[in-house]
Each structure stands twice: as structure tokens, then as C-alpha cells.
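Common to both upcoming complexes is chain A, partnered first by chain B, then by chain C.
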Partner chain A sequence: MNAPVQITHLYKTYTRRRWLGKNWEKPVLKDVSLTLEENHVLGLVGESGCGKSTLCKVLLGIEKPTSGQVLADGKDVAVLSKSEFKKLRRVMQVVYQDPYSSLDPRMTVRQTLSEPLDIHGLKKEPRERDAFLKDLLAAVGLSATQLERYPHEFSGGQRQRICIARALALDPKILVADEPVSALDVSVQAQILNLLKKIQTQRHLSMIFVTHDFAVARFLCDDIAVMYQGRIVERAPAEELFLHPQHPYTRALLAAVPSVQGPCLPPEELAEAPGRTDWACPFAARCAYAQASCKSNRFELKEIFPRHACACGVLPFATEKKKSA
Partner chain B sequence: MLNDRILKRIYTNKTSLFGLIIVVFFLLVALFAPVLAPVQNSNNPYQLPQKSYQIAPQPPSAQNWFGTTEQQYDLYYGVVWGTRLAFKIGLTVTFFAFLIGLFVGGVAAYFGGKTDEILMRLTDIVFAVPSLVLAMVIAAMLGPDIKNMMIALTAVAWPSYARLVRGDILSVKQRDYVTAARTLGARGPRILLRHILPNAIYPSVVVASLDIGYVVLTAASLSFLGLGAQPGTADWGQLIAMARNWVLGTPGHPFAYWYTVAAPGGAIFMFVLGWNLLGDAFRDILDPRQA
Partner chain C sequence: MTCSSEPILEVRNLHIDFTAEEGRLPVLCGLSYALPKGRVLAVVGESGSGKTVHALSVLRLLPPNAHVSGGEICYKGQNLALLSEGELRRIRGGKISMIFQDPAASLNPVLTIGQQLTETLLAHRKMSKEEARRQAARLLEKVGIAGAAKRLEEYPFQFSGGMCQRVMIAMALALSPDVLIADEPTTALDVTVQAQILRLIKQLQTESGMSAVFITHNLAVAAAVADEVLVLYAGRCMEQAPAEQLFKNPLHPYTQGLLNSLAPLHQKVEKLPVIAGHPPVPGQAQAGCPFAPRCPFASEKCRQSCPPLFEENGRKTRCWLREVHA
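Presenting the complex of A and B:
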């Protein structure tokens, strides 16, 4: 049995053709390899612009990979024909970040939720359709009376519930959630996270969950991959990552979570060394543990403990783990 | 359900109700023109009946309710049949300008790149010349005639739609719900017809409803300048053109011939006002957030 999502050596570079001079190029994903296991939730964590959303876009076929392979449900998304991709849509669905712009303002909830069914020619019989839509709304915690309303009549959290319902309408096996709670109030975030967790367990979904919030990732994810500048710098089961973070960047991200007690200081793992921008290790310019070897060696992601991989050659914290273990 | 909403909106807003009343009134006048002012010349109902060949206008009377203008053309007949002509001009010109603009803007936004560049620079050229001046030039080149005037008006009206449609399509194309439709498996035509156009077209519909009044006003200007309807036609602009020699009245009595301008001028004013108010109402109605 194939893994639901298998990404190997994926590169994505945005290019813009110019009339004169060199083409403008921006590499966004560099040698990303990931595996989403069945019934697992894989968290993608990283700061803004690190390539999390681009990864989702490539996976969903909105962007074409520059090189490398992306297998979704065992199929290579880059070479699928249109009709084959349409079939894949039923298996893999997505929830977007902004619930305000991801619903068509001119369509009622009924129309929005009917669209996936219309596209794929499912549940055509009116009474069956109606019952299905009502069940779907109930599953995301909305009442059937809200079917005829327009998106602007709902709050952000309710809109996100509608988006989740739309994604579930095709009964997918894989759900890609691109920062589904970062546009919501903190109080609403918890409700949506609980809903996602409930749905994931009930429907046995494999899920890719993009976030920049470690607390959210810890709550929902089984495995976590930390991204930095288009690369995966650390990958481990969620609890392992929180207990024994290895990469200095992961440590810095964890330490950067603001605390209610005490002042908010920049994490000690971070340093300012702009002179190191041409170093081989992309994180060196901000790393407090950088050594001379980081100048010429870019460390590949490799397993340092079972199921725990890290792309750092210095590994300043590896001894801590051994001690505690 | 949509109709309920539109009616509710119009009833609750007094100015839009006023606009609707004005436009409906003019519409009724245009529809029942043969009843309100029986046709005198069955070959051309837009030909004004002439009471006599006396030069000086005559004030309103029992026979000529709005008075007569120069050469005894009946103003009442002119205003009534002029209403029909105003609708004809306003709706035709706006309809074709909208269609051309939708096509040009849609093609530019859909294909992008060089096609977009060429089409948009073309609209810029039309935009760069003041529209009335350009319309005058085109109308003068084609020859003074109502049909040619409508062609000239269409030629200057379409660029604003093209630009609006293109911009709206480009902005809607980027919204998440369009991407969402694609990830649901929707193909190009469905996305274009169900998501992009309905969300991109409404600003243009609002502009079109505001434009109908403006087109009639410009048409009146062209007629006034002698580039549209010919003397003796039941056209509001033409009626004002015929009043040109009389608007200043006689020495000591500046308003001696007020009625030569009052009826056609009032009709133009109310027509433009009505469409403007209705256009504002459309803008509110077509925004689902206002419901």
C-alpha cells in the first residue's frame, strides 16, 4: 500500500520571463522529501515565506513542480491528465487559510456545497442530495436551516466550517489544510481544531496541516516537519520534536512562542551574523551555534535518532537527548 | 427570492424608489406614445407636427400643452416621442457598448500577455480623447443622422466597460474561491461562468445603468450641435437646439420664451436623474452583503 502522499526531491522555482536581461528566478522549494502516512496528520511548520503554501499548491496541482516527484494517492500529480486529476480531486481535498475569500460571495451555502457534487455528478436525486447536505452541515456543527444563507451572514469560524464541509462533500481520503485557523480568533481556533481532529479520527483522514503555530501543531499532528527557506530542516514525531528539538532553528521557533510570564526576549539560539549569508548552511546567518564547518557544508536531512531526522552538522543538543534517554 | 430582495431594497430606500418611479413613468410614456400623442405622419412618427409656418414660438395653450417652438413644432408631441427615442438611444448604445467592453475586457483578461497589452492600449487611445469631442468627430465623419450618432456614442462608451471588466476579472481570478473551485475539479468554462463572471460583471452592470442617462445627455448635446437628429425630429436635444434663438427672451423679458427650453430640458434632467438614482439602487442591490 502506497503512502497517501509521497514527495521526493521536490524543487520549485518561480520564474518570470523578461524582455531584456536575465529572467527573474526565485527558488521556493529546495529538495523537499516528505511522506504522509495513512491516518496520520503531518504538520508543516515554519515562518512566513518558507514555502509551506507553495508545497500545498504543488501537491494540489495548482503549481507545477520544477523537478522532483509528488505522488498523491500513488499518482504523480505532474503528469496526470485532466480527467485523471479530476478523479484525484475526489481523494484529495483542501481547506484554505482565509475563510472570507475562499467562499463565493454570490452562492448560498447550498450552492457552495452542491458544487463539488455537481462537478463529479454525485447524489443527483434531489431528496438524496438534500439529506446529504444536511448531514454534511451537521457533521461540521452547523444547522440545516443555514443552507439558504449567504457567506456574509456567517462569522469567520462558521465560514471555515462551511469550507470544511465543502472539502468533505467528496468524501476524500487526504485533506490538505493550509493554515486553516490562522485567520481566526483564538477562541474560535480551538473549536475548529477540535472539529478537524474529530473529523480526522472519524473519517480516517490522512492530513497535511500547515501552520506557523507550534501549539496548534502539537495539538493536532502526529508528525511534524519544520521548514526553513524552502528546505525541511527537521522532521520527527510531534512529541519527540517538542521534547528533544535538535535543529537550532526548531529550538528558536519553540523558544519564540510568547509567554505570559516574564518579558518577551529573542531566543538565545538566534544570532545576527549578516556576514554569513553566503555560507553553505542557509540558517548560518541567524544561528548562534554556527561553526566553521557550516561555511562549506550544507547538511542534508538525515536520521539521527529513530524516525527523527535533522539537517544540522553541529547538533549542539544531541547530548541532552542521550542524557535524558 | 432575488426579486423579493430587489423590491424590498427599492421600497425601503426613498431615493431609489423615486428613481424607479421616474424611470417607470418615462417607460410608460415611451410605450404609450401613440396614445398620448397620436401620430401625425404615419411614415415617420418621430416627425414633429407643424401647426403653421409662423416663426415665433407660442406659449402653452389648450391645443399645444407645452407650447410650440420655432416654426410652430409642437413641444408636447416632441417630448412624448422624444422619450421613446431617448430609451432607444440610451438602451441601444449602452447595450452594445457593454457587449463590446465585455468582449474586449474578457479577452484581454483571459489571454493576458501581448493580447492584453494591445487591447488595453487601444482602449487607452480612445480614453485619451475627450469622449464628447471624439463622438463629435465620428458623428461628423459619418454624417448627421440618429443611427450614426448612436454608432459614435457606442464607439466612445465601450472603453470604460472594457477596462472595468478586465480589472474585475483579473482580481476575481486571484480569489481563493476560484482556486477552491479548481481544486474541487471544476473546469475552465464552469469557473468562468459560475464564479468569475458573476462576481466580475456586476460593477459593469451598475455603471451601465448609470450610463443610460449619461448617453442620452451626450446624445442631446450632439443633436444640439447639429450632429444628431435633424430639425423637425422629436428628439430632446433637437428641441433645445430649435430653442437656441429664443432662450434669451426679448429685451426686458428674459423669460419670454421659457417654455421652449422648459419641457425638453426638464425631460432630459428628470431622465438622467431617474437613471442615476436607479443606478445607485442597483449598486446596493447587486451587492449581496447589503441585503
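Presenting the complex of A and C:
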């Protein structure tokens, strides 16, 4: 049985052609390897610009990988033809961050939800279609009376429910969610998070969940991958990551998350060492634990405990974990 | 609490309306608070609760379609609404200064950082240009920007978001104001940078004994910086209490719901308790408590009439359930 999503040694570089001189190049993803397991939620956590949204775009076929392989439902997304991609869309769907810009303001909810069904020629019989749409709305917590309304008549949370319903219309196996709650009000976030969790369990979805919020990731994700400057620096089952974070960057991130219950790690001072920008380890310039060996060696993502991989050669906290184990 | 000391900034029964096609939309309905010297007040609310509008009104920066329809804002006892433009200029920046949400958008992209920093100094203080530059460099160092003298020559695009926000803070503190109003100063920043900026603001605030109004939608940020927290909902103060008490023992059902609905960082839970429904749209006028339609404890009384703020042990709560305790 293939994993729903399998990414191996993925590189993505954005290039801009210049008339003269060298092309402008920006490497965004560097040697990313990831597996999304069946019926699991994989969280991608990182700060802005770390490449988490680009990873989603490559997976969805919006961007082409520069090198490496991305298998979605066993198919290589880089070489799929248009018609093959259309088939893949029935299996893999997406929910975006901003529910205001991702719905067509001139389409009613019925039209929005019918579009994917029309494209794929499903549920053509009007009565069947109608019943299906009503069920779909009920599944995301909206009422059937709202089918004929336009997006502007809904609040942000309700719009995100419509976006989720649209993604579910084709009954996909894989759902990519790119920061689906970060544009929502605090009191509405919890509703949408509960809904995503319920749907994931009921429909046995495999889900890639992009977020910058560790608390949200802890609630929803089975596995978490932490990204930094286009690389995965740590990957572990969610609870393992929270209880025994290993990479200095993961620890710094966790310590920086404010929480009403107080921070979950003592504040971690990030070193400001701009002199280390040319070091092999990309995090060395901010790392308080960098050693001479980080200057020339970039440490690959390596399994240090069962199912727990970390890209750090110093591992200042590994003994702590062994003791507690 | 240092309630005995004279408040440095006082907002009394502030009402603000927006003029829209549908008529007048009330955005703020009778907000009152007193900010004592050297304290940090966090104003917490969701979008549309009126928190930013209130901040803009303090320095009379409201857009033309908004107007103050009642109440007053007093700085050291003088009503800011009655000041002439000239008098207000001396207060803006000099006595009360402000930091905005998006640091990159609040700096002028075609002027160097040095030009923008010295502009503030030269406009308010009698000093030579060289003196102003030296002062500007000192300010940059104070907010933790290395190589300040050289960086004064640089333009905003050469600064990262966190660095731009440090420049904004330097600018806001240039004239050692008495009150700093920070409107979502870390919302556009990454968490590691947010932590640094929060620590910096707190440190500078403690050192200078400045007072601050900190506007945020993020309860955790409020917990990190504030002495006192005011929870806004639909233009009304729902609860005001010392920060520690508010987070440990929230009294208003809305505050309780908000705190419960946050995904906890410290443990994994299976389901998040939610507040049903969604925040009201400004202008959807209704009788009774604005939170009643979403409140699990709402009774007929709540739907009929809006409760006043009940005071008990230095806390204020707008909820009929607190009536017996007050």
C-alpha cells in the first residue's frame, strides 16, 4: 500500500530570467523528504518564508518541482498530464488560509459546491444532487437554507466551512490545509479546528496541515515536521516533539510561543551571530549551541530515536531525553 | 493596584459611530478606563470589537467617516478633543505616541531610517542636525539594532519585519512619551521575533516608567505584557481585571469561553470547548447584552436589557450573573 503522499529529495528554486548576467535564483525548498501516512495528519510548522506554502503548491501541482519526486496517491505530480491531474483532484483537495478571497463572490453556495461535481460529472440527477449538497452542508455545520446565499452574507468562520465543504464535495482521500484558521477570529478558530478533526476522523482523511501555531498543531496533528529556511530540521510524532524537542530551532520556537498558561519551555535566548551566515548549518547564525563542527558540516535529517528525526549534529538535549526515558 | 495615583490617560464613556450607507453604525458604546502611570493595559478583542478605533481616537486619527458622538479622552486631566491642532501636535509623539500593526507599511519607503528618526526629533526638540543624528543612533542601539550609525543610512526595505518594528519602537520612544499606544505591534511578526519585541517593549516600558495601552486579539500576548486586561466585545467592555486574576479566574462567560477555546499548548485534548455562533457585525443593534445570543448562561433578562459593569474587588464585569456579588 502506497503512502498517500511521498516526497523524496524535493528541491524547488524560483528563478527570474534576466536579459543580462545571471538569472535571479531563490532556492525555497532544499532536499525535503516527507511521508504522509494513511489516515494521519502531518503538521508542517515554521515561520514565514520557510517554504511551507511552497511545499503545498508543489504537491498540488501549482508549481513544478526543480528536482526530486512528489508522489500523491502514488502518482508523480511533476509528469502528470492535464487529464491525469483532473483525476488526481478527486483524490486530493485543498483548503486555503483566507476564506474571503478563496470563494467567488458572484457564485451562490450551491454553485460553488456544484462546480466540482459538474466538472467531474458526478451526482447529475437533480434530486440526488440536491440531497447530496444538503448533506454536505450539514456535515460542515451549515443549514440547507443557506444554499442559495452568496459569500458576502456569511461570516469568516462560515465561509471557511463552505471552503471545507467544497473540498469535501469530491470525497477526497487527501486534504491539504494551508493555515485554515489563522485568518479567523479567536472564538471561531476552535469551531473550525473541531470540525476539521471530526471530518478527518469520520472520513479517514490523510491530511497535510500547514500552520505557524504550535498549539493548533498539537491539537490536530499526529506527526509534525518543523521547517527552517526550506529544510526540514525536525520530524517526530506530535507528542514526542512536544515532550522531547531536540533541534535548537524547535526549542526556540516552542519557547517563543506565548501562552496564557505561561510558556511551555523556559525562554531560549537566540544567539545573534551574523558572522556565522556562511556556515554550513543554516541555523548556525541564530543558534546558541553552535560548535565549530557546524561550520563545515550540514547535518542531514537523521533518525535519532525511533520515528524521531533531527538535522543537528550537536544535539544538546539528547541526553535529557535518554534520562527521562 | 496603584489606583490611588492620578491616571495619566483617562477614557470616559467614549462613543464612536461610523457613517455608512445603512446609516450610523455604533462601533464603540461607552468605553471607560483609567490608565495609571507606569502600568500596561491590554485591550483585547476580536475583529470589529472596536479596539483599533478606540486607539485611533486617542490621538484624533480617526478616518473622516468616523466621529466621536460622546464621551471624552483626557491626558493628565486635559480633554484631548478640545485641543487645537497645534496643541495636539505637541502631544502626538511628544507625550503620547503610537506603534502600528504593520511596521513595513508605517515607514516611508523613500526616506532613510535616519531621516525618519531625526524628523521626529527635529520637529519636537530644539537640536542641531548632528545632535539629532547622534540621538537617533543611540535610540537604534537601545532597541537592539547593531551597527546603528551605519544603519541610519539604510532604507526600510533593507530591514526585516522585526527590525522595522524595532525602528518604529525607537521612533515612538524618541521623545520619551508618557503613554505608548501599541496597536497589534507583533501580529505581523513571526513568533521568535514576537517574543523578542514583546520583551523589548516590556523592558523599555519598565526602565522609563512609561504607561502603555496594548491592543491585541491574542490573549497570550496580553498575558505576556499586561498588568491589567480589558476585554472588548461589540464595542463594549465586557470585563476588566488585573491580568493575573483575569487569566486565572475569568468572570465573564465571554472571557471564559475565549480562554477555554484556545488550543492548549501544554497538553493534547480531543475536543476544544467552543463559543457557538460568531461575533456580531458592527451596527447589528439589538437590545440586551451583546453576548447573549452566544452565551450558555443567557436568561430572558440578558436578552431584554444590557447589564452595567458590576464592580467587585477591583474588577469590573458586564454580566447579570455578577449582580449579586457587586
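Quick note on the criterion: the second predicted complex is superposed on the first by the 315 of 325 C-alpha atoms of A that agree within 3 Å, B and C clash if a C-alpha of one lies under 4 Å from a C-alpha of the other, contacts with A are read in each partner's own complex, and residues count from 1 in each chain.
Keep this in mind: a contact is a pair of C-beta atoms (placed from the backbone, for glycine too) under 8 Å apart; a residue touches a chain by one contact, two chains touch by 3 or more.
What you are looking at is a predicted structure, and each value in this text was computed from that prediction instead of being measured.
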item: When chain B and chain C are modelled together on chain A, clash or fit; value: fit
item: First (chain B), second (chain C), both or neither touched by A:P258; value: second
item: Which superposed partner A:R89 touches (first chain B, second chain C, both, neither); value: first
item: Contacts of A:R166 with chain B and chain C, given as first, second, both or neither; value: first
item: Which superposed partner A:L55 touches (first chain B, second chain C, both, neither); value: neither
item: First, second, both or neither for A:N194, with chain B first and chain C second; value: second
item: Which superposed partner A:H120 touches (first chain B, second chain C, both, neither); value: first
item: Of chain C and chain B, partner touching more chain A residues; value: C
item: Arrangement angle, chain B at one end, chain C at the other, chain A at the vertex (C-alpha, nearest 10°); value: 70
item: Superposed arrangement (fit on chain A Cα atoms) - minimum chain B/chain C Cα distance in Å; value: 10
item: Contact residues common to both interfaces of chain A (with chain B and with chain C); value: none
item: Chain C-facing residues of chain A, complex; value: 47-48, 155-158, 185-191, 193-194, 197, 212-216, 218-219, 238-239, 242, 252-253, 255-262, 264, 267, 270, 272, 274
item: Interfacial residue positions of chain C with respect to chain A in the complex; value: 46-47, 146, 190-192, 194-196, 198-199, 217-221, 223-224, 247, 257-259, 261-269, 271-276, 278-279, 281, 294
item: Residues on chain A engaged by chain B in the complex (per definition of touch); value: 60-62, 82, 85-86, 89-90, 93-94, 96-98, 101-106, 115-116, 119-120, 150, 152, 163, 166, 170
item: Touching residues on chain B, where the partner in the complex is chain A; value: 175-177, 179-187, 190, 194-195, 198-199, 288-289, 291
